[in-house]
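Okay, so chain A shows up in both of these, paired with chain B first and chain C after.
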Partner chain A sequence: MEALQLPATLDALGPIRDYVSEASKKAGLERKAAYNLKLAIDEIATNVILHGYEEAGLSGEIKISFEMNDEKIVLVLEDRGKPYDSRRHEDPSEADLELPLEERAIGGLGIFLALKGVDGFDYQSENGNNRNVFSMNRPN
Partner chain B sequence: MFQSTGEIIDGVAKITLKGELDAAASGQFKDTIEKMAEQNPKKVVMFMEELDFMASSGLRVLIFAKQKMGAGVDIHLIGCQEPVLNSLEMSGFHHSVYLQETYSEV
Partner chain C sequence: MNIALRTEGAIAVALLTGAIDGKSAPQVQIELSPTIESFEKIILDLSEVSYLSSAGLRLLLLLHRQATAKEGKITLIGLSEEIADTMSMTGFSNFFDIADSLEAGLKALN
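Moving on, here comes the complex of A and B:
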(Lines of atoms letter the chains of each structure in order from A and count residues from 1; the text may use other names and numbers.)
(Lines give C-alpha, C1' and ligand atoms only; values in the text may rest on other atoms or scores of the structure.)
Protein backbone atom coordinates (compact mmCIF):
# COMPACT_ATOMS: atom_id res chain seq x y z
CA MET A 1 0.00 0.00 0.00
CA GLU A 2 1.48 3.30 -1.07
CA ALA A 3 1.67 6.30 1.23
CA LEU A 4 -1.16 8.85 0.94
CA GLN A 5 -0.29 12.53 0.75
CA LEU A 6 -2.96 15.22 0.78
CA PRO A 7 -3.34 18.98 1.29
CA ALA A 8 -3.67 19.54 5.05
CA THR A 9 -7.35 20.55 5.22
CA LEU A 10 -10.27 18.92 7.01
CA ASP A 11 -11.23 17.28 3.69
CA ALA A 12 -8.21 15.02 4.19
CA LEU A 13 -9.75 13.34 7.26
CA GLY A 14 -12.11 11.02 5.38
CA PRO A 15 -9.43 9.64 2.99
CA ILE A 16 -7.01 9.26 5.95
CA ARG A 17 -9.60 7.21 7.86
CA ASP A 18 -10.21 5.06 4.78
CA TYR A 19 -6.45 4.48 4.49
CA VAL A 20 -6.24 3.44 8.17
CA SER A 21 -9.22 1.07 7.77
CA GLU A 22 -7.58 -0.57 4.76
CA ALA A 23 -4.27 -0.95 6.61
CA SER A 24 -6.06 -2.42 9.65
CA LYS A 25 -7.79 -4.93 7.41
CA LYS A 26 -4.45 -6.00 5.92
CA ALA A 27 -3.05 -6.44 9.44
CA GLY A 28 -6.10 -8.46 10.54
CA LEU A 29 -6.91 -6.14 13.44
CA GLU A 30 -10.11 -6.84 15.30
CA ARG A 31 -12.99 -4.39 14.94
CA LYS A 32 -12.42 -2.59 18.22
CA ALA A 33 -8.66 -2.21 17.68
CA ALA A 34 -9.26 -1.01 14.11
CA TYR A 35 -11.74 1.63 15.33
CA ASN A 36 -9.44 2.83 18.10
CA LEU A 37 -6.55 3.19 15.66
CA LYS A 38 -8.76 5.10 13.21
CA LEU A 39 -10.02 7.38 15.99
CA ALA A 40 -6.48 8.06 17.27
CA ILE A 41 -5.15 9.01 13.84
CA ASP A 42 -8.25 11.11 13.05
CA GLU A 43 -7.83 13.07 16.29
CA ILE A 44 -4.13 13.76 15.82
CA ALA A 45 -4.59 14.56 12.10
CA THR A 46 -7.35 17.02 13.08
CA ASN A 47 -4.99 18.75 15.51
CA VAL A 48 -2.21 18.88 12.90
CA ILE A 49 -4.58 20.47 10.35
CA LEU A 50 -6.32 22.93 12.70
CA HIS A 51 -3.51 23.86 15.09
CA GLY A 52 -0.30 22.86 13.31
CA TYR A 53 -1.28 24.47 10.01
CA GLU A 54 -4.39 26.71 10.04
CA GLU A 55 -3.98 28.45 13.42
CA ALA A 56 -0.28 28.87 12.79
CA GLY A 57 -1.04 30.56 9.44
CA LEU A 58 0.69 27.79 7.52
CA SER A 59 -0.36 25.59 4.64
CA GLY A 60 1.11 22.35 3.44
CA GLU A 61 0.50 18.65 3.24
CA ILE A 62 -0.20 15.73 5.51
CA LYS A 63 1.05 12.27 4.71
CA ILE A 64 0.21 8.83 6.05
CA SER A 65 2.08 5.60 5.49
CA PHE A 66 2.09 2.17 7.07
CA GLU A 67 4.21 -0.88 7.57
CA MET A 68 3.77 -4.07 9.49
CA ASN A 69 5.62 -7.11 10.71
CA ASP A 70 4.40 -10.30 12.40
CA GLU A 71 3.87 -8.55 15.72
CA LYS A 72 2.52 -5.12 14.93
CA ILE A 73 1.25 -2.57 12.47
CA VAL A 74 2.81 0.90 12.48
CA LEU A 75 1.24 3.99 10.90
CA VAL A 76 3.17 7.21 10.49
CA LEU A 77 1.45 10.56 10.09
CA GLU A 78 3.83 13.25 8.82
CA ASP A 79 3.47 17.00 8.46
CA ARG A 80 5.54 20.17 8.24
CA GLY A 81 3.31 22.43 10.34
CA LYS A 82 3.99 23.83 13.78
CA PRO A 83 5.33 20.97 15.93
CA TYR A 84 3.28 19.64 18.82
CA ASP A 85 4.08 16.59 20.92
CA SER A 86 0.72 15.19 22.06
CA ARG A 87 2.48 13.25 24.84
CA ARG A 88 2.91 16.61 26.60
CA HIS A 89 -0.85 17.07 26.74
CA GLU A 90 -2.27 16.71 30.23
CA ASP A 91 -5.11 14.18 30.45
CA PRO A 92 -8.38 15.32 31.96
CA SER A 93 -8.57 14.28 35.63
CA GLU A 94 -11.09 11.79 37.04
CA ALA A 95 -12.92 14.78 38.51
CA ASP A 96 -13.01 16.50 35.07
CA LEU A 97 -14.51 13.38 33.52
CA GLU A 98 -17.25 13.23 36.15
CA LEU A 99 -18.30 16.86 35.72
CA PRO A 100 -21.78 17.31 34.26
CA LEU A 101 -21.64 18.42 30.63
CA GLU A 102 -23.09 21.84 31.44
CA GLU A 103 -19.97 22.54 33.53
CA ARG A 104 -17.43 21.10 31.09
CA ALA A 105 -14.76 23.01 29.27
CA ILE A 106 -15.14 22.45 25.54
CA GLY A 107 -12.03 20.58 24.44
CA GLY A 108 -9.28 18.41 25.86
CA LEU A 109 -10.82 15.04 25.05
CA GLY A 110 -9.33 14.35 21.62
CA ILE A 111 -5.75 13.55 22.59
CA PHE A 112 -6.97 11.71 25.68
CA LEU A 113 -9.16 9.37 23.57
CA ALA A 114 -6.48 9.06 20.89
CA LEU A 115 -3.60 7.96 23.08
CA LYS A 116 -5.71 5.70 25.34
CA GLY A 117 -6.80 3.64 22.35
CA VAL A 118 -3.48 2.64 20.77
CA ASP A 119 -0.80 0.17 21.92
CA GLY A 120 2.07 2.53 21.11
CA PHE A 121 2.55 6.20 20.30
CA ASP A 122 5.72 8.11 19.54
CA TYR A 123 6.51 11.59 18.25
CA GLN A 124 9.55 13.03 16.53
CA SER A 125 10.18 16.46 15.09
CA GLU A 126 13.31 17.05 13.10
CA ASN A 127 14.25 19.65 10.47
CA GLY A 128 10.66 20.84 10.24
CA ASN A 129 9.29 17.34 9.65
CA ASN A 130 6.90 16.12 12.36
CA ARG A 131 6.14 12.43 12.74
CA ASN A 132 3.30 11.01 14.82
CA VAL A 133 3.85 7.26 15.02
CA PHE A 134 1.01 4.91 16.02
CA SER A 135 1.32 1.18 16.59
CA MET A 136 -1.09 -1.65 17.31
CA ASN A 137 -0.27 -5.23 18.18
CA ARG A 138 -1.55 -7.75 15.66
CA PRO A 139 -3.72 -10.62 16.88
CA ASN A 140 -1.87 -13.93 17.29
CA MET B 1 -20.23 11.37 4.66
CA PHE B 2 -22.24 12.73 7.59
CA GLN B 3 -25.88 13.69 7.86
CA SER B 4 -27.80 15.23 10.73
CA THR B 5 -31.51 15.98 10.58
CA GLY B 6 -33.84 17.24 13.25
CA GLU B 7 -37.48 17.96 13.92
CA ILE B 8 -39.51 18.99 16.95
CA ILE B 9 -42.48 16.80 17.77
CA ASP B 10 -44.64 17.66 20.80
CA GLY B 11 -41.78 19.64 22.35
CA VAL B 12 -39.25 16.85 21.86
CA ALA B 13 -36.28 17.51 19.57
CA LYS B 14 -35.66 14.37 17.55
CA ILE B 15 -32.28 14.34 15.83
CA THR B 16 -30.94 11.58 13.60
CA LEU B 17 -27.20 11.23 13.01
CA LYS B 18 -25.77 9.11 10.19
CA GLY B 19 -22.29 8.37 8.87
CA GLU B 20 -18.99 9.68 10.16
CA LEU B 21 -18.94 12.64 12.55
CA ASP B 22 -15.48 14.19 12.36
CA ALA B 23 -14.14 17.75 12.65
CA ALA B 24 -15.19 18.47 9.05
CA ALA B 25 -18.80 17.48 9.84
CA SER B 26 -19.24 18.85 13.34
CA GLY B 27 -20.40 22.27 12.04
CA GLN B 28 -23.41 20.63 10.40
CA PHE B 29 -24.29 18.86 13.66
CA LYS B 30 -23.89 22.14 15.59
CA ASP B 31 -26.21 23.92 13.13
CA THR B 32 -28.86 21.24 13.72
CA ILE B 33 -28.53 21.70 17.51
CA GLU B 34 -28.84 25.49 17.17
CA LYS B 35 -31.98 25.20 15.03
CA MET B 36 -33.54 22.83 17.56
CA ALA B 37 -32.52 25.02 20.51
CA GLU B 38 -34.37 28.02 19.01
CA GLN B 39 -37.62 26.16 19.61
CA ASN B 40 -36.84 25.48 23.29
CA PRO B 41 -37.49 21.74 23.36
CA LYS B 42 -38.19 20.10 26.72
CA LYS B 43 -36.20 17.01 25.79
CA VAL B 44 -33.66 15.97 23.13
CA VAL B 45 -33.58 12.49 21.62
CA MET B 46 -30.75 11.60 19.24
CA PHE B 47 -30.98 8.49 17.10
CA MET B 48 -27.44 7.18 16.74
CA GLU B 49 -27.91 3.70 15.22
CA GLU B 50 -26.37 4.69 11.88
CA LEU B 51 -23.56 6.82 13.28
CA ASP B 52 -20.47 4.76 12.41
CA PHE B 53 -17.77 7.08 13.74
CA MET B 54 -17.58 9.94 16.20
CA ALA B 55 -14.46 12.00 16.95
CA SER B 56 -14.03 14.32 19.92
CA SER B 57 -15.40 17.17 17.78
CA GLY B 58 -18.75 15.35 18.03
CA LEU B 59 -18.38 15.11 21.81
CA ARG B 60 -17.77 18.85 21.87
CA VAL B 61 -21.06 19.46 20.07
CA LEU B 62 -22.84 17.32 22.69
CA ILE B 63 -21.31 19.54 25.39
CA PHE B 64 -22.47 22.56 23.37
CA ALA B 65 -25.98 21.04 23.13
CA LYS B 66 -26.25 20.59 26.89
CA GLN B 67 -24.98 24.10 27.53
CA LYS B 68 -27.21 25.66 24.85
CA MET B 69 -30.41 23.81 25.78
CA GLY B 70 -29.87 24.12 29.54
CA ALA B 71 -29.12 21.62 32.29
CA GLY B 72 -32.84 20.88 32.75
CA VAL B 73 -33.26 19.53 29.20
CA ASP B 74 -32.45 15.81 29.22
CA ILE B 75 -30.49 14.37 26.31
CA HIS B 76 -31.18 10.77 25.30
CA LEU B 77 -28.81 8.96 22.92
CA ILE B 78 -30.46 5.96 21.32
CA GLY B 79 -28.80 2.86 19.89
CA CYS B 80 -25.15 3.97 19.91
CA GLN B 81 -22.79 1.55 18.21
CA GLU B 82 -20.30 -0.04 20.60
CA PRO B 83 -17.17 2.02 19.70
CA VAL B 84 -19.16 5.28 19.94
CA LEU B 85 -20.55 4.13 23.30
CA ASN B 86 -17.00 3.39 24.43
CA SER B 87 -15.85 6.96 23.63
CA LEU B 88 -18.88 8.41 25.46
CA GLU B 89 -18.19 6.30 28.54
CA MET B 90 -14.43 6.95 28.57
CA SER B 91 -15.21 10.67 28.46
CA GLY B 92 -17.66 10.38 31.35
CA PHE B 93 -20.66 11.49 29.28
CA HIS B 94 -22.77 8.64 30.70
CA HIS B 95 -23.04 10.73 33.89
CA SER B 96 -24.87 13.48 31.97
CA VAL B 97 -26.85 11.91 29.13
CA TYR B 98 -29.19 8.93 28.99
CA LEU B 99 -27.78 6.08 26.92
CA GLN B 100 -30.54 3.79 25.71
CA GLU B 101 -30.66 0.86 23.31
CA THR B 102 -34.13 1.68 22.06
CA TYR B 103 -36.53 4.59 22.36
CA SER B 104 -40.03 4.44 23.66
CA GLU B 105 -42.37 7.42 23.85
CA VAL B 106 -43.17 7.96 27.50
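Moving on, here comes the complex of A and C:
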Protein backbone atom coordinates (compact mmCIF):
# COMPACT_ATOMS: atom_id res chain seq x y z
CA MET A 1 0.00 0.00 0.00
CA GLU A 2 1.53 3.29 -1.09
CA ALA A 3 1.67 6.35 1.14
CA LEU A 4 -1.16 8.86 0.75
CA GLN A 5 -0.29 12.53 0.44
CA LEU A 6 -2.97 15.21 0.35
CA PRO A 7 -3.35 18.98 0.72
CA ALA A 8 -3.70 19.68 4.44
CA THR A 9 -7.37 20.69 4.51
CA LEU A 10 -10.34 19.12 6.29
CA ASP A 11 -11.20 17.35 3.01
CA ALA A 12 -8.21 15.08 3.72
CA LEU A 13 -9.85 13.56 6.82
CA GLY A 14 -12.17 11.13 5.01
CA PRO A 15 -9.44 9.70 2.73
CA ILE A 16 -7.03 9.43 5.70
CA ARG A 17 -9.62 7.44 7.68
CA ASP A 18 -10.20 5.17 4.67
CA TYR A 19 -6.45 4.62 4.41
CA VAL A 20 -6.23 3.69 8.11
CA SER A 21 -9.17 1.29 7.79
CA GLU A 22 -7.53 -0.39 4.81
CA ALA A 23 -4.22 -0.73 6.68
CA SER A 24 -6.00 -2.11 9.76
CA LYS A 25 -7.69 -4.71 7.58
CA LYS A 26 -4.32 -5.78 6.16
CA ALA A 27 -2.96 -6.11 9.69
CA GLY A 28 -5.99 -8.13 10.79
CA LEU A 29 -6.87 -5.75 13.63
CA GLU A 30 -10.09 -6.45 15.47
CA ARG A 31 -13.01 -4.12 14.93
CA LYS A 32 -12.56 -2.13 18.11
CA ALA A 33 -8.79 -1.74 17.73
CA ALA A 34 -9.30 -0.63 14.13
CA TYR A 35 -11.85 1.98 15.21
CA ASN A 36 -9.61 3.30 18.00
CA LEU A 37 -6.67 3.62 15.61
CA LYS A 38 -8.83 5.45 13.07
CA LEU A 39 -10.13 7.78 15.81
CA ALA A 40 -6.59 8.49 17.06
CA ILE A 41 -5.21 9.37 13.64
CA ASP A 42 -8.27 11.42 12.67
CA GLU A 43 -8.05 13.44 15.90
CA ILE A 44 -4.36 14.23 15.43
CA ALA A 45 -4.78 14.91 11.69
CA THR A 46 -7.60 17.35 12.52
CA ASN A 47 -5.30 19.20 14.93
CA VAL A 48 -2.46 19.27 12.40
CA ILE A 49 -4.76 20.73 9.74
CA LEU A 50 -6.58 23.25 11.96
CA HIS A 51 -3.82 24.32 14.35
CA GLY A 52 -0.59 23.32 12.59
CA TYR A 53 -1.57 24.77 9.23
CA GLU A 54 -4.73 26.91 9.10
CA GLU A 55 -4.41 28.85 12.37
CA ALA A 56 -0.68 29.26 11.81
CA GLY A 57 -1.40 30.79 8.39
CA LEU A 58 0.45 27.98 6.65
CA SER A 59 -0.48 25.70 3.81
CA GLY A 60 1.04 22.44 2.72
CA GLU A 61 0.47 18.74 2.69
CA ILE A 62 -0.25 15.92 5.08
CA LYS A 63 0.99 12.42 4.43
CA ILE A 64 0.14 9.03 5.86
CA SER A 65 2.04 5.80 5.43
CA PHE A 66 2.13 2.44 7.19
CA GLU A 67 4.31 -0.55 7.75
CA MET A 68 3.90 -3.70 9.78
CA ASN A 69 5.75 -6.70 11.09
CA ASP A 70 4.50 -9.82 12.84
CA GLU A 71 3.90 -8.00 16.08
CA LYS A 72 2.54 -4.61 15.20
CA ILE A 73 1.32 -2.14 12.65
CA VAL A 74 2.83 1.36 12.61
CA LEU A 75 1.24 4.35 10.90
CA VAL A 76 3.11 7.59 10.39
CA LEU A 77 1.35 10.90 9.86
CA GLU A 78 3.71 13.55 8.51
CA ASP A 79 3.33 17.30 8.02
CA ARG A 80 5.39 20.46 7.68
CA GLY A 81 3.09 22.79 9.63
CA LYS A 82 3.69 24.31 13.05
CA PRO A 83 5.03 21.55 15.30
CA TYR A 84 2.97 20.31 18.23
CA ASP A 85 3.76 17.39 20.47
CA SER A 86 0.40 16.02 21.66
CA ARG A 87 2.12 14.27 24.57
CA ARG A 88 2.57 17.74 26.10
CA HIS A 89 -1.18 18.13 26.23
CA GLU A 90 -2.55 17.72 29.71
CA ASP A 91 -5.27 15.09 29.96
CA PRO A 92 -8.59 16.22 31.33
CA SER A 93 -8.73 15.24 35.00
CA GLU A 94 -11.23 12.76 36.43
CA ALA A 95 -13.07 15.77 37.80
CA ASP A 96 -13.17 17.39 34.33
CA LEU A 97 -14.71 14.23 32.89
CA GLU A 98 -17.40 14.21 35.54
CA LEU A 99 -18.41 17.83 35.04
CA PRO A 100 -21.98 18.33 33.84
CA LEU A 101 -22.22 19.39 30.21
CA GLU A 102 -23.21 22.94 31.17
CA GLU A 103 -19.80 23.44 32.76
CA ARG A 104 -17.66 21.61 30.22
CA ALA A 105 -14.85 23.36 28.43
CA ILE A 106 -15.36 23.04 24.70
CA GLY A 107 -12.57 21.04 23.14
CA GLY A 108 -9.59 19.30 24.69
CA LEU A 109 -10.98 15.79 24.40
CA GLY A 110 -9.50 14.88 21.02
CA ILE A 111 -5.92 14.26 22.16
CA PHE A 112 -7.18 12.43 25.24
CA LEU A 113 -9.20 10.04 23.05
CA ALA A 114 -6.35 9.69 20.56
CA LEU A 115 -3.58 8.77 22.98
CA LYS A 116 -5.81 6.52 25.08
CA GLY A 117 -6.90 4.45 22.11
CA VAL A 118 -3.55 3.29 20.69
CA ASP A 119 -0.89 0.88 21.97
CA GLY A 120 1.96 3.24 21.12
CA PHE A 121 2.40 6.90 20.24
CA ASP A 122 5.52 8.84 19.41
CA TYR A 123 6.28 12.29 18.03
CA GLN A 124 9.31 13.70 16.31
CA SER A 125 9.93 17.08 14.77
CA GLU A 126 13.08 17.60 12.79
CA ASN A 127 14.04 20.13 10.09
CA GLY A 128 10.43 21.26 9.78
CA ASN A 129 9.14 17.74 9.28
CA ASN A 130 6.72 16.60 11.98
CA ARG A 131 5.97 12.92 12.48
CA ASN A 132 3.12 11.55 14.60
CA VAL A 133 3.71 7.82 14.94
CA PHE A 134 0.91 5.44 15.98
CA SER A 135 1.23 1.74 16.65
CA MET A 136 -1.15 -1.09 17.43
CA ASN A 137 -0.28 -4.64 18.41
CA ARG A 138 -1.52 -7.25 15.95
CA PRO A 139 -3.65 -10.10 17.22
CA ASN A 140 -1.76 -13.39 17.58
CA MET B 1 -23.13 13.57 6.08
CA ASN B 2 -26.86 13.72 5.54
CA ILE B 3 -29.69 14.77 7.86
CA ALA B 4 -33.29 13.62 7.41
CA LEU B 5 -35.86 15.39 9.57
CA ARG B 6 -39.34 14.20 10.43
CA THR B 7 -41.80 14.68 13.26
CA GLU B 8 -43.54 12.24 15.58
CA GLY B 9 -46.31 14.33 17.10
CA ALA B 10 -44.57 17.26 18.79
CA ILE B 11 -41.17 15.58 18.69
CA ALA B 12 -38.60 16.24 15.96
CA VAL B 13 -36.60 13.21 14.90
CA ALA B 14 -33.33 13.86 13.06
CA LEU B 15 -31.71 10.86 11.37
CA LEU B 16 -28.02 11.52 10.78
CA THR B 17 -26.18 9.45 8.20
CA GLY B 18 -22.41 9.35 7.66
CA ALA B 19 -19.32 10.38 9.58
CA ILE B 20 -19.30 13.24 12.08
CA ASP B 21 -15.78 14.65 11.97
CA GLY B 22 -13.99 17.99 12.03
CA LYS B 23 -15.28 18.74 8.56
CA SER B 24 -18.95 17.75 8.89
CA ALA B 25 -19.65 18.70 12.53
CA PRO B 26 -19.92 22.48 11.94
CA GLN B 27 -22.26 21.83 9.00
CA VAL B 28 -24.48 19.57 11.12
CA GLN B 29 -24.66 22.27 13.76
CA ILE B 30 -25.81 24.87 11.22
CA GLU B 31 -28.41 22.47 9.82
CA LEU B 32 -29.81 21.33 13.17
CA SER B 33 -29.80 24.68 14.92
CA PRO B 34 -33.21 25.86 13.54
CA THR B 35 -34.79 22.53 14.60
CA ILE B 36 -33.49 22.96 18.14
CA GLU B 37 -34.95 26.48 18.13
CA SER B 38 -38.39 25.43 16.94
CA PHE B 39 -38.87 22.14 18.80
CA GLU B 40 -38.88 21.55 22.51
CA LYS B 41 -38.22 17.82 22.20
CA ILE B 42 -35.73 16.35 19.81
CA ILE B 43 -34.48 12.86 19.08
CA LEU B 44 -31.10 12.53 17.37
CA ASP B 45 -30.97 9.14 15.68
CA LEU B 46 -27.30 8.15 15.31
CA SER B 47 -27.95 4.61 14.07
CA GLU B 48 -26.51 5.48 10.64
CA VAL B 49 -23.51 7.37 12.02
CA SER B 50 -20.43 5.28 11.31
CA TYR B 51 -17.93 7.54 13.03
CA LEU B 52 -17.92 10.30 15.64
CA SER B 53 -14.79 12.16 16.72
CA SER B 54 -14.29 14.77 19.43
CA ALA B 55 -15.64 17.29 16.91
CA GLY B 56 -18.88 15.30 17.13
CA LEU B 57 -18.80 15.44 20.93
CA ARG B 58 -18.32 19.17 20.71
CA LEU B 59 -21.32 19.35 18.35
CA LEU B 60 -23.48 17.37 20.81
CA LEU B 61 -22.36 19.65 23.61
CA LEU B 62 -23.31 22.78 21.64
CA LEU B 63 -26.71 21.37 20.66
CA HIS B 64 -27.34 20.31 24.25
CA ARG B 65 -26.55 23.83 25.46
CA GLN B 66 -28.75 25.40 22.84
CA ALA B 67 -31.65 23.13 23.83
CA THR B 68 -31.14 23.58 27.57
CA ALA B 69 -31.08 27.38 27.21
CA LYS B 70 -34.68 27.26 26.00
CA GLU B 71 -35.69 24.38 28.27
CA GLY B 72 -35.72 21.90 25.44
CA LYS B 73 -34.64 18.28 25.64
CA ILE B 74 -32.51 16.10 23.38
CA THR B 75 -32.50 12.32 23.48
CA LEU B 76 -29.95 10.24 21.58
CA ILE B 77 -30.79 6.88 20.06
CA GLY B 78 -28.98 4.34 17.90
CA LEU B 79 -25.46 4.68 19.33
CA SER B 80 -23.01 2.12 17.95
CA GLU B 81 -20.81 0.30 20.43
CA GLU B 82 -17.82 2.44 19.40
CA ILE B 83 -19.67 5.74 19.76
CA ALA B 84 -21.09 4.60 23.10
CA ASP B 85 -17.48 3.88 24.19
CA THR B 86 -16.33 7.37 23.16
CA MET B 87 -19.20 8.94 25.07
CA SER B 88 -18.57 6.84 28.12
CA MET B 89 -14.79 7.50 28.21
CA THR B 90 -15.42 11.23 28.16
CA GLY B 91 -18.22 11.17 30.71
CA PHE B 92 -20.76 12.33 28.12
CA SER B 93 -23.04 9.33 28.61
CA ASN B 94 -23.73 10.35 32.20
CA PHE B 95 -25.26 13.62 31.12
CA PHE B 96 -27.02 12.82 27.87
CA ASP B 97 -30.39 11.16 27.72
CA ILE B 98 -29.73 8.00 25.75
CA ALA B 99 -32.46 5.54 24.78
CA ASP B 100 -32.20 2.05 23.30
CA SER B 101 -34.82 2.51 20.61
CA LEU B 102 -37.00 5.09 18.93
CA GLU B 103 -39.99 3.83 20.91
CA ALA B 104 -38.10 4.18 24.19
CA GLY B 105 -36.86 7.64 23.16
CA LEU B 106 -40.37 8.83 22.29
CA LYS B 107 -41.72 7.39 25.50
CA ALA B 108 -39.05 9.14 27.58
CA LEU B 109 -39.79 12.49 25.96
CA ASN B 110 -43.60 12.22 26.07
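Here, the second predicted complex is superposed on the first by the 140 of 140 C-alpha atoms of A that agree within 3 Å, B and C clash if a C-alpha of one lies under 4 Å from a C-alpha of the other, contacts with A are read in each partner's own complex, and residues count from 1 in each chain.
Assume contacts are C-beta pairs under 8 Å (C-beta built on N, C-alpha and C of every residue); 3 or more make two chains touch, one makes a residue touch a chain.
As the structure is a prediction and not an experimental result, all values here were calculated from the model.
Peer 1: Fit or clash for chain B plus chain C once both are placed on chain A?
Peer 2: clash
Peer 1: Could you tell me if A:Asp79 is touching chain B, chain C, both of them or neither one (first, second, both, neither)?
Peer 2: Touch status of A:Asp79: no partner.
Peer 1: Touch check for A:Leu97: first (chain B), second (chain C), both, or neither?
Peer 2: It touches chain B and chain C both.
Peer 1: In the superposed arrangement, which partner chain does A:Arg17 touch: chain B (first), chain C (second), both, or neither?
Peer 2: Both partners, chain B and chain C.
Peer 1: So, A:Leu113: does it touch chain B (first), chain C (second), both, or neither?
Peer 2: Both partners, chain B and chain C.
Peer 1: Both chain B and chain C contact which residues of chain A?
Peer 2: Of chain A, residues 10-11, 13-14, 17, 32, 35, 38-39, 42-43, 46, 49-50, 97-102, 104, 106-107, 109-110, 112-113, 116 contact chain B in one complex and chain C in the other.
Peer 1: With touch defined as at the start, can you tell me which chain C residues reach chain A in the complex?
Peer 2: Residue positions touching the partner: 19, 21-23, 51, 53-55, 57-58, 61-62, 64-65, 68, 81-82, 85-86, 89-92, 94-96.
Peer 1: Inside the complex, what are the residues of chain A that reach chain B?
Peer 2: 10-11, 13-14, 17, 31-32, 35-36, 38-39, 42-43, 46, 49-50, 96-102, 104, 106-107, 109-110, 112-113, 116
Peer 1: Which positions of chain A touch chain C when the two form their complex?
Peer 2: 10-11, 13-14, 17, 32, 35, 38-39, 42-43, 46, 49-50, 92, 97-102, 104, 106-107, 109-110, 112-113, 116
Peer 1: Would you tell me which residues of chain B are touching chain A in their complex?
Peer 2: Residue list for chain B touching chain A: 1, 20, 22-24, 53, 55-57, 59-60, 62-64, 66-67, 70-71, 82-83, 86-87, 90-93, 95-97.
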